[in-house]
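Here subunit A shows up in two complexes: once beside subunit B, once beside subunit C.
Moving on to the complex of A and B:
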């Protein structure tokens, strides 16, 4: 579906970096986010939650709260239809509000709607909630223990589900060759852990809903408006045509705003009160609503003596929360590529989605891959050490060449991946002498992009020759509006300032599967180009009729219709074709990844998203603090449609990766409560924490399926940051840490253990504090 | 945030009257950088907020008195950091004040507020302790002065009595060459609370003073009588032994920021680093004072 051939020669804007559409509004505070919208007569909503992770709700007495002046309604499970409406992108398992049980710290038990926010908050404190705290499972190990309390009652699961009496939501098995028969010269086995982390978008989650004559309108800072529409349709049993989703540009999403959370609750409240309702979560509540799946990955890897992979035996347990959300897809899609960008002849992968009494995990930039890369790439280093091979060399020996198979039955290798690593190595001076306590690290990460999914775009050439593009991609800061404008501008020769991109309203813009999986530039980009090309076809047909010429004598150039000697402006043609009352030219473009019912993921990857990371770090031996002197990411982008935005997105992804690498982790207590709830003790990197030097290298080989040979790259920077840093720390001070994040204290502790002479195999692999191999 | 009464008195008399009238229900607002955060997070819910910013007698500057610098109750950290006299005589305080919050916070936060908040981790506290800061209080019974080392009673607890407030903090000017430094450990380089912080003051006559934060219920002062610490070339093992004794005065706990063991180890590292810089500065100060040969 590549659109590269036809327009290679006419790019004026593609490949340039014009000012970001909407950028000025974002940085000046002029942009109106979901929570900023003031609907006339709106009620303000606050949620009530319990101070524990798992409890049975015995009674909610709202009488006192309802007596408070300004309180209009209190909604609990009792006010909703029976059985409780449930929804979710994969399973309809999430109740609109806690039903009988609270299954995670922060799950709403009641919602209060009042004339103002302070009154709603005060009323929440007046609710008398009787509950019985129940034992919960808050870690993977606890959840998998025999006899552990069940997160999902077996009754809501399929009768033939083999795991219905356990906390395993799904188990996915992939593989090829025969691991058990494979003969390796050297085998290593390790367990790698990845912590609970949250997205921390600058804009907290916010929702509004308003009753309509025979339906409902819902506002949400959501990335995928049509996924939300489906959830409202399911939960409220309304036709989609009566459910309008308005999704203002989010202030950062990172996957955390992909899937519906409390929108159905707001919709019910709007219908119950007959008034618009607004709920803006606090930062703390946002932490309690979205997070990434933690993981525990056991890797057993076999190599030949010269460093070629013989087998990979992978057991990847992911910690989901109380409801599936998109978590099971994170596990299936992630574990499917668990063997990484390497040629391993024998592979066995078991991926498990494990339910726990915690915040439901959801999509998060990288979608299961940063967890795997941490394990896989750390393991490649361990193998290199064991075999006495250079860390770059062992990788180069195992990475397949372009056109070769990486996963049997799926898209062949679509880029020069060895080159990515080579360039990263060169950029950090691989092999050159190092200062004291300095070390270098290299890693590569591979993610499968979107598979079966569809994007639609409408192009409207208006009567004055200016252009509207209607698209349901969300511009959450990645710059989709800018790139789409560039693509349309070049296709139709219309100046950027005469193009508007209309997004975020299901009553206006057509279906799009999602703004995720680094898919928008490729899928929506192709759909927009397709729509623009159909407009051009129509313009030629219109000109042929209006000017009585043969269609093949008419061409389009620089925003004009060239008819022989005449160059006609679009508005002139529209006037000449429709007459004085005028009209417009409309086209619908589509792009689709083919649905393959027999493919484990429903379709092949549209492209492989691959990036290499190189870094040089320095470790303070006394404190364990890490300074990253240089960090380089090399991304296989195919073509950078807007190089400045591509670089910014890559840098942003890498810095985000440094968060889970160095400092981020949600700490739970024995009752499943988040101990570091909020910005004070959940630390993310600030501008002072970024590497002293950063470099983004965009590998542009024009070999992608997107416009101009592009591939998506919104996630590539985050995929392999952790193992590169871990590798560099190992070289700097000789310690290997298997559990992220690599906090100063953990590095210090590992050094103490090393000094105490505790050697490699002293600890069992199941010990959560097993820092050494 | 709960509703509250807001007063903006013009004089200290009015402030004291309000404080006496409302007692524990009243909170003082200077910069508000701690107060508002605590109110917004429902940690406190005062019924009365008394804004000090229009009180004529309270100063927002640094005055040179006879033998001391006086820092007014309303002096914000940004102004403190930029004051040439503070920079000259109290460099460790400048270093400490420079890492409190962000620029925006330092533009609002007052030194007095940082002390009255009585956080065990307050960054300015160790620096003020080594400089023997004196806190000038005023209340219904008049004025009194309390040494900072006696000011803190526990986390969020001070010697302030009902009706009392801080009028100014005095820093006695050094009477001899000295070297001082502040250092701290955080979980990240950007805005963060200290996991451990430390200040050190070295003088030939009085030996070495250490002060630490985040490792005891209050910021603590630890004087070292062993003058061998002043010797730059001191054997590392001996210095380590002395610093071990210094660290024994701390009683850190484990929390979400760090374990007790790590804090204990870091007290020694921070003490050593602060000492190194303090000794360098002492040597430099002495070189400046001694006549050229």
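Moving on to the complex of A and C:
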């Protein structure tokens, strides 16, 4: 699907960093996000939920609420079709509203629609909800205990599902070679934990819906409009042609806005009331709606005496929530690459998706990989220590070269990964003397990109020669509109300011699988280039007919059709071809990752997304506080179509990675309630938490499948931040911690333990909760 | 919902407006819902994220923490009031030039906090910028570019 060769050397805009398309609206406050759209006559919706994680709903008495002036409707499970409509991207397991049971803290039991927000809020307080609190499972260990309460009723699972009587949603086994027969000189085994964290986009989740003549329109801050359309189609049993999804640019997504949540509920409410309805979640409610899967990874690794990997034996348990959402795909796709970017001749991987009575985990930048690379890369360090090897050296000994196999049967290594590590090491002065309590760390992360998926783009060369691109990618901060404009501008020779990119409306823009997996520049980029090239073909054909010339005498250059001696502008050709009332030139471009039914993930990776991280930290021995003096990311991007935007994505991803590395974790109590809901108690990196110095290196070897040899990026920066920081802490003060986040308390306690002589090597800290209360 | 409406008079972006507001409504809600000034954003609603930052009587405040009735008689500048006749404020230009804008949701608050910072301290050091913007969260984490943007605006002001 490469579109690289033909346009090399003719790029005027690609590789530059023009002003962000949509930037002006964003600095002036004019940008309208989903919640800012005013639908005339809209009702305001508020949700009612219970103060616990698991309960049986006995009765909802809405009579008092309904008597409040301004209340128009109260919707509960009783108002919906039986059986309860369910939806989800992989399993149709999520009910439109809590059905019989509440399965996570924050799951809506009732929705109130009223003339204004205050009334809706007041009415929620007037609902009399009787319920019986039930025992729940809130951790991986609790969920896997024999006899644990079941999160999903076996009746909604397939009859032949071997796990239907357990909390295991699914289990994947991957591997090659023979771990049991492998002979290693040294074996190490550790358990690594990754906490519950939430996306915290600054724009909270927001939805609106309106009844249409024979269908429904839904507005959502969703990243994947066509995934949402499918959910509405499933839940409301409408043809897709009657379901219009309008998806304004999200105010940050990070995976948290990928998959439908309360949109079907809003759609039902709009149809029930016959009026537009609007629901803007608070930050607290957004916390209760989206999070990343926590994980517990047991890793047994065998090495030769000279530091070569002999085997990896991996058991990765991921904590999903009450419904599958895309969580099961996070586990399958993540655990598939659990052995990382290394040559491991013998590998056994078991990945488990474990249901718990918690907020359904969803996609989150890195899609299962930050959890794994925390384990894998910390383990490489442990091996280096045991074997007396340099941490860079042990990695270089195991990393495959370009063209070699990394996962048997999948795409061979498509980049120079050794160079990534070496550049990261050089950038942080690897091997140079260090100050007191300073340490350096290095790590590499690998993610498989999108596999089988499709993108369509429509290009319309309008009657005046300006260009419209219709694409269902979401511009959520990565700058897709800017990159797409650059690609089209170079392809057709049209100035940037005469190009518009229309997104976020399924009635206008054609299908796109998703804005995820760092796939848009590659997939949608290729689709756009293909559409533009078809336009050029049509222009040549039109010119041949209009000017009665042989088609091979006609070429396109700098936005003109060159016909022998004449240079004809596009609008002129359109006029000369169609006549005075004119017409336009339209083409559809597609790009597709081939669907392979027998491949464990449905298709090969389009590219490997790989980045190395290096850092230097300082630890305050008195407080356990960590200062990041320098953080470097080196991403194998193939070609940076817009270097500034690519750098900004990597920087942002790395800082986000510092969040789960140093400070972020949701704390649940014994009833499954999140204790630190909101910005006051759940800290994300502020401007004062960022590294004192950052360097963002883009490795451009032109070896990707996207336009101009590009690969996707944007998740790259987050993949391996944690192990690099953990490694640096170890070098600074000699303690190893296996459970994220590396909060000052935890670092300080580990230091005290070390000093007390109880332990000086690699003992995992116990339940992280014991350190936070 | 029926409540006693309270008349207030405020000056917003140089324009005096008379409003009747509900006593429980924050200034942010009134700006968004009664004046359609949607540039000031709500995220946390508790003064921690800074997305709703505006200038009130020359000082940066979180408009989600102030009741509209308290603002009676105030002079307010929101993000919509920075550009003059389509001409962007130097800070807005600098945010664009420095590539400091990603999803954009935090940007209005960020720009208003930066505006206040530069009013108080026309040539802030990097540390002073960090201090001045410590109350504004950006999850795209474009912080380095935001610092660069503020310093760029400060240096261009000097040149002008």
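Criterion: the second predicted complex is superposed on the first by the 759 of 773 C-alpha atoms of A that agree within 3 Å, B and C clash if a C-alpha of one lies under 4 Å from a C-alpha of the other, contacts with A are read in each partner's own complex, and residues count from 1 in each chain.
The rule we apply is simple: a contact is a pair of C-beta atoms (placed from the backbone, for glycine too) under 8 Å apart; a residue touches a chain by one contact, two chains touch by 3 or more.
Nothing here was measured: the structure is a model prediction, and the numbers come from that model.
Once the two complexes are laid over each other on the shared chain, residue contacts for A:204 go to subunit C alone; subunit B is not touched.
Shared-chain residue A:254: touches subunit C; no touch with subunit B.
When both complexes are overlaid on chain A, the residue A:118 reaches subunit B and subunit C alike. In the overlay built on the shared chain, the residue A:401 is in contact with neither subunit B nor subunit C. By the touch criterion defined above, A:569 reaches neither subunit B nor subunit C.
Legend: residue contacts after superposition of the two complexes on their common chain; A:685 is shown touching both subunit B and subunit C.
Of the two partner chains, subunit C is the only one touched by A:20; subunit B is not. Look at A:305: by the touch rule set out above, it reaches neither subunit B nor subunit C.
Here subunit B and subunit C are compared by how many residues of subunit A each touches, and C touches more.
Contacts of subunit A with subunit B, set against its contacts with subunit C after fitting on chain A, overlap at residues 118, 122, 678, 680, 685-688. Across the complex, subunit B is touched by residues 118, 122, 622-623, 625, 662-663, 667, 675-676, 678, 680-681, 683, 685-689, 743-745, 748-749 of subunit A.
By the touch rule above, subunit B contacts subunit A in their complex via residues 1-3, 41, 185, 187-193, 256-259, 262, 265-266, 269. Put simply, subunit C touches subunit A in their complex at residues 1-3, 22, 24, 32, 36-46, 48-49, 51, 78-80, 82-83, 88, 92, 95-97, 99, 101-108, 111, 129-131, 133-134, 136-147. On the side of subunit A, the complex with subunit C involves touching residues 17, 19-20, 22-33, 36, 38, 69-70, 116, 118-119, 122, 199-204, 249-254, 282-283, 476-479, 644-645, 648-649, 651-656, 678-680, 684-688, 690, 694.
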